[in-house]
Structure formats: C-alpha cells, structure tokens
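The two complexes that follow have chain A in common; it is paired with chain B in the first and with chain C in the second.
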Partner chain A sequence: MDGQPSGSGEIRLVNVTKTFGDMDAVKSIDLVIPHGSYCCLVGPSGCGKTTILRMIAGHETPTSGEIHIGEQMVVGLKPVQRGTAMMFQSYALFPHLSVLDNVAFYLKMRDVAKAERRQRAREMLERVQLDHLAERMPAMLSGGQQQRVALARALITNPRVLLLDEPLSALDEFLRLRMRGELKSLQNELGITFVHVTHTQPEAIALADMVVVMDHGRIDQADTARHIFSRPATPYVARFMGGQNVLSGIVTETSGGVLAIADASGPTYAASASGTMPAVGTPMSFVVRRDRIALTKGASAAAGEVNAVNGRVIATEYQGTYVKVTLDVASREAFVANIGDDTYFADPLRVGDEVTARWATADVHVLERADTGAAIDPYAEDAA
Partner chain B sequence: MSLPSQGRRPWTFYVLSVMFTLFVLFLYGPMFIMFILSFQGPTGGLVFPMRGFSFTWFEALFGQARTGDVGGAFSRSLPLALIVMVLTVLISVTAGFAFRRRFVGSGFLFYTAVASLIVPGLVLSIGILVTARFLGIPARWWFTGLGAHLSWTLPFGLLIMFAILGRLSPSYEEAAYDMGATRWQTVRHVVIPIVFPGMIAVALFGFTLSYDEFPRSWLTVGSLNTLPIEIWTMTTNVTSPALYALGTVTSAISFVAIGLAIGSIAYIQHRRSKRT
Partner chain C sequence: MKSNRLLTYLQVTPLFLVLLLFVIVPLALVLIVSFFRYQMLVGLVPDFTFKNYIDLLSNPTSYKLYFSTIKFTLIVLAITGVLGFWVAYFLVFHVRNLLVAIGLFLVCTVPFWTSNIIRMISWRPVLGTEGLINTALLESGLVGEPISWLLFSDFAVIVAYVHLFTLFMIVPIFNAMARIDKALLEAAVDAGATRWGVVWNVVLPLSKTGIALGAVFVVTLVMGDFFVVAVMSGGLSGSATSGIFNDLQFLNYPRAAANAVVLLIIVLLIATAIFRLVDVRKELVR
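Moving on to the complex of A and B:
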C-alpha cells in the first residue's frame, strides 16, 4: 500500500555496534527476530535495549554493522521506507492536533486528499474503539486512550514491523494488564512483527514469543519466554528474570551424566548434565526454581547429603497462591523458596526458624557461565 | 489547594498588605494620574485641579501646534517596532533551533549575544554612532537604529526561545519523521504550531522593547526622532497637558499590543483544549 515495502518483517542485526562518544551503548550484536513474532527486549536502564529499537526504527544509525528487514538492508533508509512504525514511550501525540488529525498525519504528509485521509483515519480509530473521541484533543484523553491513539497513528502507516518503546510504563497497574492483553491480541490479529522494549520481566514473559535479555550493551540470552525463565543461560539472566536461586561451586566428580558440585561453604549438590562434561575442578553455577524447593523445619541436612541446605528464615511474604520464604543460607545471596499456600499454612514458619531446603536433582539447571562474583543484580529480588 | 486555616490572621498579614498596596499605588498611580490629567479642560494646566473635561490636548497632539512632530515620530516608531518584532521572532526562533544542537563556538556565540544585555544602552548607542561615522554610514532609524534595537531585543528573544524549546520533546519531531514527514513538513506541521505561543511572546517582547526604547535610540536614529526621544524632547519645552495626552496614547498602543498577544495565546490554548 502506498508504495512502501511490504512482505517479510524478519529483522536481522549483523554485528551491530553503536557508540555514543566513547561509550559503547550496543556492542557487536547479532540477532534474528522472526517474521510475525512478538519480541521483547528486556534489561535494566542503560543496557542498550532502547538503542537497538531506535536503530531498527531509523532514529539512530549504527556506528558499524548491518540491519536487515526482510530482504532489505535498511541502514540509511527512512522509517517509512523501512516499513517500520514506532510507538513512543510518552506516545508523542501532537498536542495541537485532534485525535483524528493525529492519526491522519501520515496520510497528510503524503498529500492524501482530506476526505480520504479522514475516512481512513476514522476506520483506524474504529479499530482501536476510539472513533467516538475523534474530535478530542490528546490532552483530554486518559493514558489508555492516548496509547490507543498512538497505536492507531502508528498502524495507519501499514507497517511490517511495529516498534514499541516501553508502551505500558506510563499506565497504572490495572490498565497496564489490560493494555498488555490488547497488544498481544492485536499482534495476533495483524500478524506483523512487534518489537517491544520493557524493563519489566513479567511483561516480557507474558507477551513475548521471543525474549531478548540484555546487559551492558550485549545480549545475554535470546530465546522463548519459557526457556528464558526456566532454563536461563547465565547467572545474570537467572537473577534478572527472577524466580530462581543461583548457586555455585566446584565440580568434584562427573559420572553417568551427573555432576557433583561442592560449595566452599559446605553443601554438595548434584546436577544432571548433557553434552560434554566439564572437567573436575571447573567452577560451576546452576539454578533451582524457587517453586521447586521443599522446606522442613529444623536444620537437618546431614553432612554429605546432596541438594540440601540448612538456613534460617529471615522473611515471609504472602503472595496469595504461595508464600515467599526468604532464607539466610550462609552464602552471599539470600535463598528463596516459594511454598504453596496450603502446604505453608498447614505448618507456618516464623522469622528466625531453622529450616532445611531440599530439591530434586531433576530440578537443577546448569548455567552456561559460572557466576563471576560480580555484584548481585539489584533487580534480582524484583520478580517472584 | 488552599492551606489549612489557622484561625485569625497574624499581624504580619496586615503589615504586608499595606506594603503591597503602597507598592501597587507607586507602580500604577502616576500612570493613572497622567491618564486623568490628559483629559484636562482647555484652560487647565499640568497639575490638579481638573478644569473641565476635554479632548483638546489630544487634538493639539496631532495639530500643527508647538508640540513637536508627534505624528512623524509615531510614523517611525511603529514601523520600527514592527520590523524589530518580525526580525526578532525570525532570528530568535532559528537561532533557538540552532542552539538545540551543540555546535562549535555555540557557547561563545551565546555569551556575546547575551552580553549586550549588560552593556549600558547609551554606551552602545555612542559606539554604534562612532562606528557608523567611521564607515561613512549616516545614522538612520531604519538602519543604525534598527541594529541598536535588535541588540536589545535578540537576547530576550533567544532566552525565551531557549525556555520554550527546552520543553519541546524531541520525540514529537521523531514521531513526525517516523510518519514520513520531511524536515520542512515537520517544522511546518509540528514544530511551529507547538511553539507558536512562545513565538507570540517573543514578538511581544520585540515590539514593546523597541517601541519604548530610549537609550539605544538616542544617537542611532539620526536627525528624525522616534517617539520616546520625541517625548523626552517635549518634556523640556512643552508645558501643556498635551504631554500627558501623548503618554495616554502611547500607553494605549502598548496595551493593545499586549492584549493582542495574550488574547491570541489564550485563543490558541482554548482551541487546543476544546475543538471548535
């Protein structure tokens, strides 16, 4: 439509670097986002996720590397030539134009006759159920309504890629969950590629077919939401996405696909591994999901017992369907067990109680990278 | 939101009220006295009491009496103020946009522009006259006078534009670019409409600062006076209420200019908040 590129919305970044001054915002990134997928770029502030989005959009030019959309190398092209449309964080609705004129802006820039562009803008507004507010000014709309206008304004360009920069961060919790659902169903309906930047892990998990976790200008892991959550690649991803306990030790034995790992502070762990076995003496990190931990009262872990740690309860937090129990286990990081509410309230714990945490070897997931001992990520405690 | 009531007002409230009333009287009292006295009867003088009520002195103002060339001065001051207004808006807006991106020497350029706020107007006036003489350029209100006025209005215009553009989020321009607008279309359909109230403020400053400028006009306008110089001359040789009539007329023109500016800003904001 309108002579702009159509076709595949597959995005390929090849060795992309972006430098601001002497700071690398994005370092040699390779990434393929499949056509028609919902991709979330997630990471803390300043990790480079917004820079990637803006480079795909054409609002920043990579210092080096190539960006392809479909068959096209798009570096140097204007957004409309790329077939991308962006929804800005604060929506950037033009304050001097009515909702209808905001949506019709793209058509006006292409000299589409007034009657036709108003007609098409009205159809787009109907699509986001805002046709009754067409004559309003943006300042008179609620946050959710503004977001829908911004969506309509972006979609009228008929893009093959929609880029969303923290689209839900300006909304209150209730609206955020509702708009999250609407974004997902819109993407299903349109079948175009959505790239969504967020710093909220649950948002990424809930929406994305593909989650890209970033840190300091690099991609730590790009995978399905399920894998990112339950099979993180690095200690950073595990901590950032939450829901995991990260433990470390030294490999002491490998036999029959099972690793024995010894923690310097005492406990020994077992983990099943596939592929090439690491050598004895290798530092190793692994994760155990918080909801796969069983607690028993009393410090009963015997010397030599695997996958059992003694600890002391330092906090309990009721979460509705489960209780989050935080333990001090004599390591540098708190250990968390999420206990189902029925199980927990059958025999509740108090702060200061001695307990033993146990888990099955099958629930251990070995990380590709050992914990380097770098500062524990402040986001680690954010997600349940 | 109002502060919680704390019972009786403290004595400081009354002291400060009196001080504020005196301040307002001091500020506007002389002006209103001048307004009243300009309607003095034909036999009245420069001071109270009023001897009747007439428009005599307004007529004298534009007649061929010995009151000086008020009409001529006005016919120079008004176009000068309008030219200064247009140039101030044009230069301040474009310079404001240039300063949004740091360029080589931008800091130096900014300080030189603002420095002319600090230089005493009379000194600047002498400097311009001497330079013009040296270059063999005769002093004219539309040339040397115009330059002197711009040295006064541009720093104000620039500072206002900085404040306005500082609040203009770059995402508006990016959104326009995202939707295929060219640079010129972005300026025309997005940037100008958004900063338009600010441009009116700059225009208002440009007009009023030029219209009543004395020190910078003094030596730079040449042999034909602008209105403030004409008024100053009259104070030394006119001893009739025609002087007050002139004050009333020029004040009225200033008020009309301010009213137009504020009115148009209010109109734009009204249109933005409620679609007509």
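Moving on to the complex of A and C:
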C-alpha cells in the first residue's frame, strides 16, 4: 500500500553504540526483536531505552553499528522508508490542525487528494472511536483522546513497526490500565511489531512478549516477561522488576547438584545449581520470590538450618489479596514476604514481632552475576 | 468587597496615568490642533476647520509621498520577513548549543551598538561610486563604469531599512519558534514530510504570531521614518513623515497634525489587518 516497505517487522540491532558528546547513551548493543512481537524496553530514566527507540525510528543516528528491519539495513534511511511509525511521549499532535487533519497529515505529505485523505483519516478515526471529534482541535481533547489521535496518526502510515515512547505515562491510573489493554489487543489484531518504552515494570510484564531490561546503556536481560520476572539474570534485574528477595553468600559446598551457600552474617542457604558447578569459595547471589516465603512466629531458625532466617517485622502493608510483610534480617537489605490474606489474618503479625522466614530449595533461583556489594542500588526497595 | 474594588483601581492607576499622560493627552492634542488654522507669521489660531485635511488630500504630493512610503513598507516587510524567518529558524532549530545561539543572537544586535547616524553614514563607503562594491566590480572588470544607483536611491533606502529593522522581525519570530515542541518536527518527519514540508506545514503556521508582531514593528518603524529616507536617498525620495517634518519646519503645526492623524489612521488600519489575519492574543496566551 502506498509503495512503502512491507514485509517482516523483525528488528535486529548489531553492535549499536550511540555517544552524545563524551557520554555513552548506548554501549554496543545486540538485540533481535522478532516480527510481530510486543517488545518492552524497560529501565530507569537515562538508561538508553529511548535512545534505542529513536535510533530504530530514524530520529537519531547510531555512532556505530547496524540496525536492520526485516531485510533492510535502515541506518541513514528516513522514517517513512523504514516502515516505522512513532508515537511520541507528549503525543506531538500538531496544535494548529484539527484532529482529522492531524491524522491525514501523512496522506497530505504523500499528495493524496483532499477528499480521499479526509475519507481515509475518518475511517482511521472510526477505528479508534474518535470520529465524532474529527473537527476538534487537539487542545480541546482529554489526554486519553489525544493519545488515540496520536495512535491513529501513527497507524495511518500502515507501519510494520510501531514505536511507542512511554505512551501511557501521561494518563491517570484508570485510563492507563484501559489503554494498556487496548494497545495489547491492537497489537494482536494488527500483527505488527510493537516496541514500547516504559519505566514501569508492571506495564512491561503485562504487555510484552519480550522484555528488555536496560541499565546504563547496556541490556541486562532480554527474555519473556515470565523469565524476566521469575528467573532474573542479575541482582539488578531482580531488584528492578521487583517481587524478589536478593540474597548473597559464599559457596561452601557443592554436592549432588546442590550448592551450600553461607552468608557472612550467619544463615546458610541451599540452592540447586543449573549448568556448571561453581567452585567452592566463589561469591554467589540468588533470589527467592516474595510469595514463596513462609513465616512462623518466634525466632526459631536453629543454627545450621538451611533456607531459614530470623527477622523482626518492621512493616506490614495490606494489598488486598496478600499482605506485604517487611522484615529486618541480618543482611544488608530488607527482606519481604508476601503472605496470602487468609493465611496472614488467621494469625496476624505486629510490627516488632520476631519471626522466622523459610522457603524451599526448589524456589531458589541462582543469579548469573553475584551482587557486587557496592552501594545498595536505588531499586533495592522496589515500587511494586 | 468594596475595599477590594478600591484596591483594584489603585493598582491600575499608575499604568492608567502613564497612558493618559503619554498617549491619550498627546494624541488628543494632535487631533485638536489638526482642526486649528495656520496663519503666516502668527502660527496657531484656534478654530474648527477641515482646511488642513482638504489641503492634504487635494495635494498630489501627499499621495506620492504616501505611495512611496507604502511601497517601501511592503518591500521592507517582505525582505525582513524572509530574512527574519530564516535567521530565527536557524537559531532555534539548527544551533543546538544554547550558548552559541545566545552568542549569535547578540551578533544580530551589533548594528544597534552604535548610533543611527553612524550606521547610515557607514553605508557610504560601501555603496558610494568609489565605494567597496563599485571598486570591486570595476577592478574585476564586471562593469565598465561605477553603478550609480547603489547610493542615494530607493535601493539604498531599502538596504538601510533592512539593516536597521530585520532584528525587530527576528526577535518575535524567534520567540514564537522557541515555543514549538521539537517533537512536532520529528512527528512531521515521521509522517513523511520533507525538510521543506516541515517548514511549510508545521514551523510556518506555528510562527504566525511572531511574524505578525514583527510585521507590526516593521510597518510602524518604516511608516514613521523620515530620516533614513532623507539621508539614504540623498533627498530624492520622501516619506509621509517627511511631509510632516517639512510642515513643522514652517511652523505649520495644524497641517502637520492633520497629516499625523491620517498617517496614524493608515498605520492602525494596517495593524488591524495584520491582527485580523493572526489572532495574536489567542496565540500569546497559548
């Protein structure tokens, strides 16, 4: 349609680096986003996720490396030649044009006759259920409506890749959840590749087939949402995505596929090793999911008991289906247990109570990289 | 509530007094004097006569002067508009470093670091028959004899006007452009707009306020000038204001006042037309 590149929306980044002045925004990244997938780039602000999106869109040129979309090497091509469309964070609607003319802008640039472009823009507006607002100016629309206009303006280019720069950040919580669902079903319906930049972890997990967690211009982990959440690769990913307790120690024994790990502050842990056995004496980090922790009252963990830590309750937070219990344990950071509401309210805890947290060896996931022990990273206390 | 109202009036009073003293009273005086009678050797004689206006409107010279003024205004408006737009465009969208942009902006103000007279006299060594341009053309053999219309001509007047007034176009356009969200330009490129398409469809419509304000500045400055036209044309051209100036020299204040009123009406009409085209007030609150 309209002679633009069709076909595969697979995106391949090969050794892409982007430098601004003497600062590396993106450091030699390799990434493959499969055709027709919903990919979320997630990370704190300044981690380079938006730069990657803008390089795919063609609004930024990589300092080195290659970007391929489908069969095409797209570095140096204009956005329309790439078959990408971008939805901007502030929506970037043209304030001097009506909703209809905003959507028809692409067709106007292609010299489509006025009657036809108005007709096609109207059809696109019907699709996002905004045809009744076609003659309004963007300033007269609500945030959610503006976003739909931006979406319609992007989709009318018939792209093979839709790039979304924090599309939901300007909306209130209720609208955000609704638009989230709509984006996902839209992607299912269109079957094109969506690349979505966000700094909100639940958004990434809810939407994405593929989550790419970034930090300081590097990709920490790129995997399915389920793997990112339950089998994080690094302490950073575990803390950033939340829902995990990160623990560290030194390997003291390896036997029968089980590692024994000792924490300098006392407790010992067991974990089943995957892949190669680490040598005795290596520092090791692992995670235990918060919802896999069992609590019993009283500091009952005996010396030498594995996967049991004593702690004191410092906060409890009711979350509806579960209660988030924060414990002060001997390790550096707070330890969190999410206890099902029925279980919790059968025998509620109070701040200051001594408790023991226990978990099964099977619920321990060993991280690829040990915690450096440097300053506690800012995501240690997650937002979830 | 009552005292509140009083407070509001008190707050408005200083501005009102300034406007009354420096705008309303002088204008009223000019209007009144324009109906007075002029008597040789006596000067002003209070009266209510339309003679000054009839004199003015029945005199072919005043039509010639007004025609020449409006011609200069339109030509200067077109040139400063194009220059101002592109200079502002360059400063806002192509200079990424704010410091460099401020530096270049200051460079634009360099002509204003010296007095008006010196600025105009300085054109003589450039445009004169033995000036820089003519010497260069002669030496390179492009022309056989010096081009005479470079100085003391309408051309010279326009050069001086453009030199003096382009900044008044740049500043408001720069201000309007600086408020354009850069993402809009990217969105336009994303939708397949060429560089020219972005300028025509996005930057130009969103700079309209600046262009309108700049146009009002330039129109009022050119229409109100008699000095540049006199110096740069060598007395060959005149402007509406130079008619007023001449009347003042002969102490014919009533006719000068009548001329001023007519000029004011024309300038106001042009300004109204400009503001009709662009709703500046709406854009300013944006």
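One rule holds for everything that comes next: the second predicted complex is superposed on the first by the 380 of 384 C-alpha atoms of A that agree within 3 Å, B and C clash if a C-alpha of one lies under 4 Å from a C-alpha of the other, contacts with A are read in each partner's own complex, and residues count from 1 in each chain.
FYI, contacts are C-beta pairs under 8 Å (C-beta built on N, C-alpha and C of every residue); 3 or more make two chains touch, one makes a residue touch a chain.
Quick caveat: nothing in here was measured; it's all calculated off a predicted structure.
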*Joint occupancy of chain A by chain B and chain C, clash or fit*: clash
_chain C versus chain B, contacts on chain A by residue_ = B
*Taking the superposition as given, does A:F88 touch the first partner, chain B, the second, chain C, both, or neither?*
both
*Touch check for A:E189: first (chain B), second (chain C), both, or neither?*
neither
_One more residue to check, A:A57. First (chain B), second (chain C), both or neither?_
both
_Looking at A:Y106 after the superposition, I want to know if it touches chain B, chain C, both of them or none. Which is it: first, second, both, neither?_
both
*Touching A:D342 in the superposition: chain B (first), chain C (second), both, neither?*
neither
_Between chain B and chain C, whom does A:R136 touch in the aligned arrangement: first, second, both, or neither?_
first
*Would you sort A:S98 into first (chain B), second (chain C), both or neither based on which partner it touches?*
first
_Considering only the contact definition stated at the top, list the common interface residues of chain A for chain B and chain C._
57, 59, 78-80, 84-86, 88-90, 92, 94-96, 105-106, 108-110, 153-154, 157
*In the complex of these two chains, what residues of chain A are touching chain B?*
57-59, 78-80, 84-86, 88-90, 92, 94-98, 105-106, 108-110, 135-137, 139-140, 153-154, 157
_For a test of understanding, state which residues of chain A touch chain C in their complex under the given definition._
57, 59, 78-80, 84-86, 88-90, 92-96, 105-106, 108-110, 153-154, 157
*chain C residues touching chain A - in the complex, by the definition given at the top*: 181, 183-184, 186-194, 197, 201-202, 205-206, 286
_Partner chain A, residues of chain B touching it in the complex_ = 169, 171-172, 174-182, 185, 189-190, 193-194, 196, 272-275
